[in-house]
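Notes follow the structure.
The chains carry the letters A, B, C, D, E, F, G and H, assigned in the order they are written, with residues numbered from 1 in each.
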Amino acid sequence: MILTLNGKQESIEKPVTLDALVTAKGLCPDKIVVEHNFSIISKEDWSKVTLKDQDMIEIISFVGGG
Amino acid sequence: MEDLLTLGGRSIKSRLLIGTGKFASYPLMKKALEAAQSDIVTVALRRVDTGSKADNILEYIPKSCVLMANTSGARNADEAVRIARLAKASGSGNWIKIEVVQDNKYLLPDNLETLKAVEILAKEGFIVLPYMSPDLSMARRMQDAGAAAVMPLGSPIGSNRGVKTRELVEILVREIKVPVIVDAGLGSPSDACECLEMGCAAVLVNTAIAIARDPVAMARAFKEAVSAGRTAYLAGLASSGSVASASSPLTGFLRDETR
Amino acid sequence: MEDLLTLGGRSIKSRLLIGTGKFASYPLMKKALEAAQSDIVTVALRRVDTGSKADNILEYIPKSCVLMANTSGARNADEAVRIARLAKASGSGNWIKIEVVQDNKYLLPDNLETLKAVEILAKEGFIVLPYMSPDLSMARRMQDAGAAAVMPLGSPIGSNRGVKTRELVEILVREIKVPVIVDAGLGSPSDACECLEMGCAAVLVNTAIAIARDPVAMARAFKEAVSAGRTAYLAGLASSGSVASASSPLTGFLRDETR
Amino acid sequence: MILTLNGKQESIEKPVTLDALVTAKGLCPDKIVVEHNFSIISKEDWSKVTLKDQDMIEIISFVGGG
Amino acid sequence: MEDLLTLGGRSIKSRLLIGTGKFASYPLMKKALEAAQSDIVTVALRRVDTGSKADNILEYIPKSCVLMANTSGARNADEAVRIARLAKASGSGNWIKIEVVQDNKYLLPDNLETLKAVEILAKEGFIVLPYMSPDLSMARRMQDAGAAAVMPLGSPIGSNRGVKTRELVEILVREIKVPVIVDAGLGSPSDACECLEMGCAAVLVNTAIAIARDPVAMARAFKEAVSAGRTAYLAGLASSGSVASASSPLTGFLRDETR
Amino acid sequence: MEDLLTLGGRSIKSRLLIGTGKFASYPLMKKALEAAQSDIVTVALRRVDTGSKADNILEYIPKSCVLMANTSGARNADEAVRIARLAKASGSGNWIKIEVVQDNKYLLPDNLETLKAVEILAKEGFIVLPYMSPDLSMARRMQDAGAAAVMPLGSPIGSNRGVKTRELVEILVREIKVPVIVDAGLGSPSDACECLEMGCAAVLVNTAIAIARDPVAMARAFKEAVSAGRTAYLAGLASSGSVASASSPLTGFLRDETR
Amino acid sequence: MILTLNGKQESIEKPVTLDALVTAKGLCPDKIVVEHNFSIISKEDWSKVTLKDQDMIEIISFVGGG
Amino acid sequence: MILTLNGKQESIEKPVTLDALVTAKGLCPDKIVVEHNFSIISKEDWSKVTLKDQDMIEIISFVGGG
């Protein structure tokens, strides 16, 4: 199945939860926000969301800015 | 009685807001923020680079600071709103600097899309500070739409050119009820001091501090200059004249007065 | 390591020199001088009014300050020299600000008579600071004649118009070896801050403080602004550009990168 | 005899010392400088200077100035 | 080949547009218009005073001029549109200067209501020139909505303060495709000359001419200055430097070269 | 009645003096001089290069022009006097521009040596125009020594920075009786126009014309701008205000007056 | 009947045409525009419009403006 | 003998007049001024001045200047 993660297409073999995706990507949960198909998913709900083909995920964090 | 800036329902002590872009490192930025003693610090949001192990910038910002995310990267109101909600979800609180830019050369704000974002986000309970092009009619609308302050540019972002829009900013100061905060273009402490002297409530500075040879010292300099400008504003600057006025007595001296 | 101004063989801490004219009262002046924390204070000399029981101004000037008498009232070098000697005899020490003015409308200094006075008084061991019209060739002569500093005007005395002579003062800063101290015309702390940022060693302020609504607060404001300007000068101001330079990253955001 | 004191002519009956003049004028010695015929006279010498007709005396003190 | 300004489908010779307000009399205004040799002249509309027997201003405007009515008095887009239609019905043609002002102190334009009026009137076939606050994003919208030109203010109407908005106007000149015409605030011919030198297509002047001691001579002065500024723009102004560059040869002279 | 400048006993029509340095070629210079319609043209003197067959510059200067040699290259009064006498002997007449420069970086004039040269040459019957640093006391001495005019710099020679010394030049205009001619630094026609508007009698321009992309057109532009500035000065510029003043009537319009 | 003419209320006895009103007011037709209840009426149609109670009329002309 | 011409030393065999020098240098008399030992010599006198050893000659002409 194909996901769009931060604007880039990625193919993964089998369905995973957001939780699993974040872990797989080696991201620190405390410093990121996750948007799934344009709706923001809070940390506690990551395990409840299983990704489907064509899903769009944005994973965002803070950087320096003025 | 202490002179405090009431903004977003808080009483703010420092009239110097700092941006966190362009610093050579987070530890250096941290030292500069501590030197500036700012109460409000801006940050941006970006997609994580899943490869990198970059530090979390938030760990380098004093806990006492109000975090204000900006919507940089947004090209219209919808994107700005979306970024604002992401920022809030990330736990940075509900202060947001609206920055909607179409033009990548001068990075000038889009007042109309900015206004739309202000209307939506103020309703959602955000404390909204729009970065805008200095224009009285649009500033009034931002104010009426619930903006906590208006942030006209002094000159293009990062240009360090100073308050080139003084003529228009002064009018905002006289006519707008919410705080007027000059954002962008201030290149030196004297620029910031000048803004406070003319009655601006505060200034937001980033580039001039971040790319100074010694950002920590420069942060201290801006802190002092902002304080000086505010003190001068409250102390009542004397007006200027076109001829001289002696500071020493001009009475006859060492001459025979009968002459 | 502390940043000190070496002037007249001393190490001076404050780069804000204060004039004592035009204050509403001596006690008010005293408070302003304390707030400014200046190390060098100017006074004038006048014939006593045998009738009056006026206070002694010296009692209102902190003992720690260097007293610098000016030669205001002098219309030529001889009168300036005579006043300087009287000042010294009065026990105010040997610091003298040469001020020779012919023109009573703009109170502009007479560079040539001023130079003559500098030559005579420097030889007599005075520490001589000439108030002058900004002119490189005459400033060089003042320096060669032994002036401890040169003091170009920013704009006419008491006009509060700021550094209208910036073009010429900047050249003095680059070309003259002794300290360049902007004297006269500075109307606001941002003016003073600007002078220090451009590399002036110090500023001398009187009217803008003395006639402010709150002279004590204004003195504090000038003190901070001067410190800010000096700190910024040492910290290395970034240069200014004509277009914008993003302070937040401009990478694609919330958009499909394949687009 | 006639003196010029601070640019004004004054007539006095009999010769006096600078010392006496200063006292007569009710001036505080600590805050003034005295010039007699263009030469400065230090406090300790005031009593030694007796004024003659046509003498010029300047008595100066500090005031506020920039 | 003659340098003409293409505006509203016409080729315009004079880059000086003139307003007809504030003249002491219509005959005097007529002389000034003749001296200025303008091709485009603005007028306003007002309710007739049924009592008075006032002259018809149109009889004092050269027949060769394009008449451009302004919408002064309008406080929103609807009123501006209504005034524009009345102007057209009165036979003044289809050139209209949009002027929507809410603020009676600075008479600053309302960019948003102005934009709405531009959208409606351009569709109706008017040749629309909006008077606006200098803002790139709104100027782009005016252009896209069919404005024949954009007319940013130099400083508030009638203030004679010059091009205080230069920083923003210069950006419009670089980024906007339709002619940029500085309207309002130009106080002297050198202000107008400066606008043309920086690449503005034209200027609109009223107060500075109408209230000059000699309006006819002042009209001539503006005409010459505008021509000079345009010629200089086309001739390519040299850039400025921070140090000197000798205009006379600096080779050794009257000295022994062996020295 | 024609407005003429009385200078050196002549009635001069053009208030634009032109320098002949830096032109790409003599024929180009000739065209520019014709376009400028100047009455006074400056030239320099140099040692002949015995090798070269260079043209005689005088053949490219309209016979109708007053030739004014400058003393460039002189580092003191004696050298200036010597050059002046050589110029006179060469048959260029008795008009001389005193230029004494020690500083090769900013090419700033030496007011004191310049004054000495004025004293000597005026006595010898020269018509002396000193190029000087703007300083009232020295300008008065130049006038008293017989200078036909004083020529303060606007900014360093060839810098094209404009009238950065405006504050001081305006004072000269008010206080000096002989014509004040701004020399050096004028970079654009609007700079020249501004000088005439403030009451200067004339301007001297060289670099800005000589190095323009099209020197002939630029010469024409300066000619027009100078004429515009003078006309405006005579026509009485209106003063500027800090708020707006309507150029269109502000009476109620399209609204029910009972409201 | 009551008209609002240029924002001012006026009462007139009997119905009149725009034509008559303009003449009655002594206005020169060539220099004015007439708006009747928010629609512009061209000169040639003035005679066709008879005013009714509560009508709003605007009569406009050019003046100096910048 | 040695002359200093325009700051440069030159040696010439036998005494010459200024006149001859100018001609020898191929200079056009109408565009130059000649200074001999710090005094200006007018054209008509060139033939009367014969150069001696150690003489200083300046030959000057006009160039562009501001």
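Operating definition for what follows: contacts are C-beta pairs under 8 Å (C-beta built on N, C-alpha and C of every residue); 3 or more make two chains touch, one makes a residue touch a chain.
None of these values were measured; they are calculated from a predicted model.
Enquirer: Treat touching chains as neighbours: how many steps, at the fewest, connect chain C to chain D?
Expert: 1
Enquirer: On the document's contact criterion, could you list the chains that touch chain B and likewise touch chain C?
Expert: Under the touch definition, chain B and chain C have A, D as mutual neighbours.
Enquirer: Can you spot which option in F-G, F-H or E-H is basically C-D again, with over half of the contact pairs the same by residue number?
Expert: It is F-H that reproduces the contact pattern of C-D.
Enquirer: When the centre of a chain is set as the mean of its C-alpha atoms, what distance in Å lies between chain A and chain H?
Expert: Distance between chain centres: 92 Å.
Enquirer: Please tell me the distance, in whole Å, between the geometric centres of chain A and chain E computed from their C-alpha atoms.
Expert: 55
Enquirer: As a quick test, compute the distance in whole Å between the mean CA positions of chain B and chain D.
Expert: Each chain reduced to its C-alpha mean, chain B and chain D end up 62 Å apart.
Enquirer: Roughly how far is chain G from chain H, going centre to centre by Cα mean, in whole Å?
Expert: The mean C-alpha positions of chain G and chain H differ by 94 Å.
Enquirer: Pull out every residue in chain B that's touching 2 or more other chains.
Expert: Touching at least two other chains: 19, 21-22, 44-47, 70, 72, 82, 105-106, 108, 156-158, 161, 206-207, 247-249, 254.
Enquirer: In chain D, what residues contact two or more other chains?
Expert: 6-7, 58, 63-66
Enquirer: For this entry, which pairs of chains touch?
Expert: A-B, A-C, B-C, B-D, B-E, C-D, C-F, E-F, E-G, E-H, F-G, F-H
Enquirer: Would you mind writing out the residues of chain C in touch with chain D in their complex?
Expert: 19-23, 26, 29, 42-48, 50, 56-58, 69-70, 72, 82, 85-87, 89-90, 92, 157-158, 184, 204, 206-207
Enquirer: Which residues of chain E touch chain H in their complex?
Expert: Against chain H, the touching part of chain E is residues 247-249, 252, 254-258.
Enquirer: Touching chain C in the complex: which residues of chain B?
Expert: Of all residues in chain B, those touching chain C are 19, 21-22, 44-47, 70, 72-74, 79, 82-83, 99, 104-108, 156-162, 187-191, 193-194, 197, 206-208, 210-215, 217-218, 220-225, 227-229, 231-232, 234-251, 253-254.
Enquirer: Could you list, by residue number, the parts of chain E that touch chain B in their complex?
Expert: 102-103, 105-106, 108-113, 133-138, 140-141, 155-156, 161, 164-168, 171, 175
Enquirer: In the complex formed with chain E, which residues of chain H make contact?
Expert: 4, 6-9, 58, 63-66
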